[in-house]
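Before anything else, here is the set of structures, which you'll find just below.
Common to both upcoming complexes is chain A, partnered first by chain B, then by chain C.
Moving on to the complex of A and B:
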């Protein structure tokens, strides 16, 4: 007598072994990735916060004068950006290396995405919602913020500059 | 002679699909040439995005839906040996879908629907685009109803008997598609159509994207299903052997039905407006859908081994050489499995939500789905056509040799197109761009891969033309096909008594509904519970 619950549906023992193996493989792969994500606290950007995209200029946080890099009391940085066809504003930002940076981004029009190639700074930017993503840049140099979601005929040319500078230089935007 | 009642409808349906396919393949070739910045005279974002939108819609919605419907009608009538349930209604569904495609073609071809095949709001297309897409979906619902009714009436007429595997899979796909399409259908009916007609001013983009994600993942399985059904029920016979196991096939179909719909959030990993916990839940579910594919891989390779050994193949790998490589179904299946193994590896990376960050919305993604979908799935569509055309027309295939060459070219072209495409993604190229006005360091690094893709695109277009030519010439062949009966594979172990659960769907449908409520209930409800801001329309 076998206790294998699959017995009722498959007669062939080889077949049952394979089904078990497939299940175990899926659980191990899913489990490993899940464990890794939970234990090192890696989560995709998942901020749930609404904003009226047609009135960003009236909001305190995303008003033109308040955009850019700000240092918080705990030494971390907050970068406030607006994505609008076809650019990220302010168009050039400077952040120090090895410092936690939190980007808060709102769209003024349509759907956009942002990705800084060769880093894990990426998020979608959805009108009506505020995107938030925190990362640390481990290397200095000039990087590009590329729009990576189709946002209209000028989508290709939607990009701006991110400069990661040595720690002492601080951060700024222009 | 014993012609299926559905032969005419199936042929008409598959022809619509393949005509859409050649047109789209030509657009694909134009796209890979335009994208590279070497030919300045060709630059035009208007044309490019109009083309990508049309190419995406034709490949992802038209080719697939019409092929699934045509193959489904044919499978139902031949495996159940029964006439169509309500033939006029089936034809009505077909014409509804055709009218839908023609309606959507207007704005697509005139640049008034360059919103890509995902039509994410708040970019707005002409209302005819959304209405056309809706008619296509409603036409496909008629097909879903036909499939369910045919299985039900057959079971009534044959109490206690086991529904043939091919029909069991087809019905699973019909149910899967109906449930899957409800997400995008509600987005289009309640949000996009009223909004594009000016009846409402704004749409909630977060809600729209959540509803779309409900459809966007499982639709891939709707496309893939015919390939799996052919692998289980047509391939073993074509290879000269038997199906390793009938129950494994059923198990795989059931798992696809149950696990593929409630995991759509991996299309929202990078979005705000859905909390991390929901994404995590959907991620773990995503790994479960790997199981039916692993099962299928095993069963199909085991069935091929049986065939190879029956044909005198010896040794650990000797059976591979002994397979009838000159049979289009066998060749396509082998090439499909090869492309699936390359692609499966990439898929694991996309599904992991930590690693996904690096490749999200880069050309890696487009490379990946061209390999899995354009490669694995579509090559099996070709194999289905080569197998069924002679049965449906009563004429022998115009040229078997041409068919084999066409399949090899598709395989080679796909590899040349998609391997560099993945590399472009890793080198940082965003998807959906018509030109590259970026830093020189990027642009120079991208050039070799982009050039290789042109070669791949040209080979694929040639292959697409060869397919259509061969099928077209088959209609005029004077050589009659000897037997018009489709021969479905016999399982190695004859089916003794099929457990009730593996011969019906009611329980599984209930399970999907419960699972859907658990995984999508709150994420959708939240938009009605919190204060959200709608977004006004924007033109491209």
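Moving on to the complex of A and C:
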């Protein structure tokens, strides 16, 4: 133990033990992550699609009259959203419960994030790229879309509403 | 199934009607930003003389009429965007359409640069400091999805980046007028409805309170 390289920065042997323990844990977990990422060929989330953020409102997909909720042929839904300082547009969206929803989001200015607390919907919105994430909301109710990447003075008021409404499937037919 | 249909119809109604087109054709891409940086205030001054801007906007961008906007000291990018929007009828005003119709983009940028270089008007000394209004200015109202005014228009109301105008030093009448236009959908050149969303949620009394906070003192009639 006299060869302990931590000796120069830390006197207390108990403290050194804890430092070693945390270092080993960090390396083991990092190694595991690396092993799984390499062995099962995992890539960063979603697809890589680029878009010109400065001309977003003049693009086809993120044009102002193309935003919101759309139904696809297979019954799933696509939600097209724009994140811009300081909000998500359109500011209120409604989707049915237990239905696959694909969010396609682009930033009109700087780096934003989106997170819907109490669900697993979360992604980063990087300017110049389209973020895509698919999820299903298992519970009805009112949720918030929050920005979770600091984006400027109004970051703390950057949020909008997501309403998950009941769907007839699973209930009584009407 | 019927309920789902009702929900989907409801969602469709929330989306602005198709065919409306973009609310503004101006985009602050590299080319536009470069053009604005290279704009020449001296050429703008000559154009302002020629176009008789002072008839409504005063000699140096501060108007005599409290219903007109004070353009002195606003950002070049904001002024350029408004001029372009008037020209393309994305912001509706007969007079402004007539004077911008014949100008090219460089000339609009030059004009914008000249007025941006003028001394802005100051807010009134006895501005409205009602706590409810200050709350809206610095905190907003998250329940109604109202952002703090200061987050986009600056903590001093001097305006933010690109298309975020200065509010401080406008006539209260003009502020009420233009916010009411946003509220009622008569003005819609704010990209992605960013201002319309806020204005729709504000009450008329709140709009007046905010105008009295940001507004400049109205000069007394000259004897």
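Throughout what follows, the second predicted complex is superposed on the first by the 122 of 174 C-alpha atoms of A that agree within 3 Å, B and C clash if a C-alpha of one lies under 4 Å from a C-alpha of the other, contacts with A are read in each partner's own complex, and residues count from 1 in each chain.
Everything below uses one rule, namely that contacts are C-beta pairs under 8 Å (C-beta built on N, C-alpha and C of every residue); 3 or more make two chains touch, one makes a residue touch a chain.
No experiment lies behind these values; they were computed from the predicted model shown.
Using the contact criterion defined above for the overlaid structures, shared-chain residue A:67 touches chain C, although it does not reach chain B. Of the two partner chains placed by superposition, chain B and chain C are both touched by A:54. Once chain A of one complex is fitted onto chain A of the other, the partner contacts of A:15 are limited to chain B, with no touch recorded for chain C.
Comparing chain C and chain B on the residues of chain A they touch gives the larger count to B. Once chain A of one complex is fitted onto chain A of the other, the partner contacts of A:166 are limited to chain C, with no touch recorded for chain B.
Of the two partner chains, chain B is the only one touched by A:36; chain C is not.
In the superposition on chain A, A:84 contacts chain C only, with no contact to chain B. In the superposition on chain A, A:92 makes contact with chain C only, not with chain B.
With both structures placed on the common chain, the touch criterion links A:154 to chain B and to chain C. Residues 52, 54, 152-154, 157, 159 of chain A are contacted both by chain B in one complex and by chain C in the other. Residues 8-12, 15, 18-19, 21-23, 25-27, 29-30, 33-34, 36-38, 42-54, 109-111, 113, 115, 117-118, 120, 122-132, 142, 144, 146-157, 159 of chain A are the ones that touch chain B when the two sit in their complex. On the side of chain C, the complex with chain A involves touching residues 1-4, 7-8, 10-11, 14-25, 27-30, 139-140, 142, 145, 147-148, 150-152, 155, 191-194, 197.
Only residues 45-46, 49, 114, 116, 120-123, 204-206, 209, 244-245, 247-248, 251, 269-276, 279-280, 283-284, 286-288, 290-291, 294-295, 298-299, 348, 352-354, 356-358, 360-362, 427-428, 430-439, 442, 492-493, 496, 499, 502, 526, 530-536, 538, 540 of chain B touch chain A when the two sit together in their complex. Interface of chain A with chain C (complex): residues 52, 54-58, 63-65, 67-69, 71, 82, 84-87, 89-94, 96, 108, 152-154, 157-161, 165-169, 173-174.
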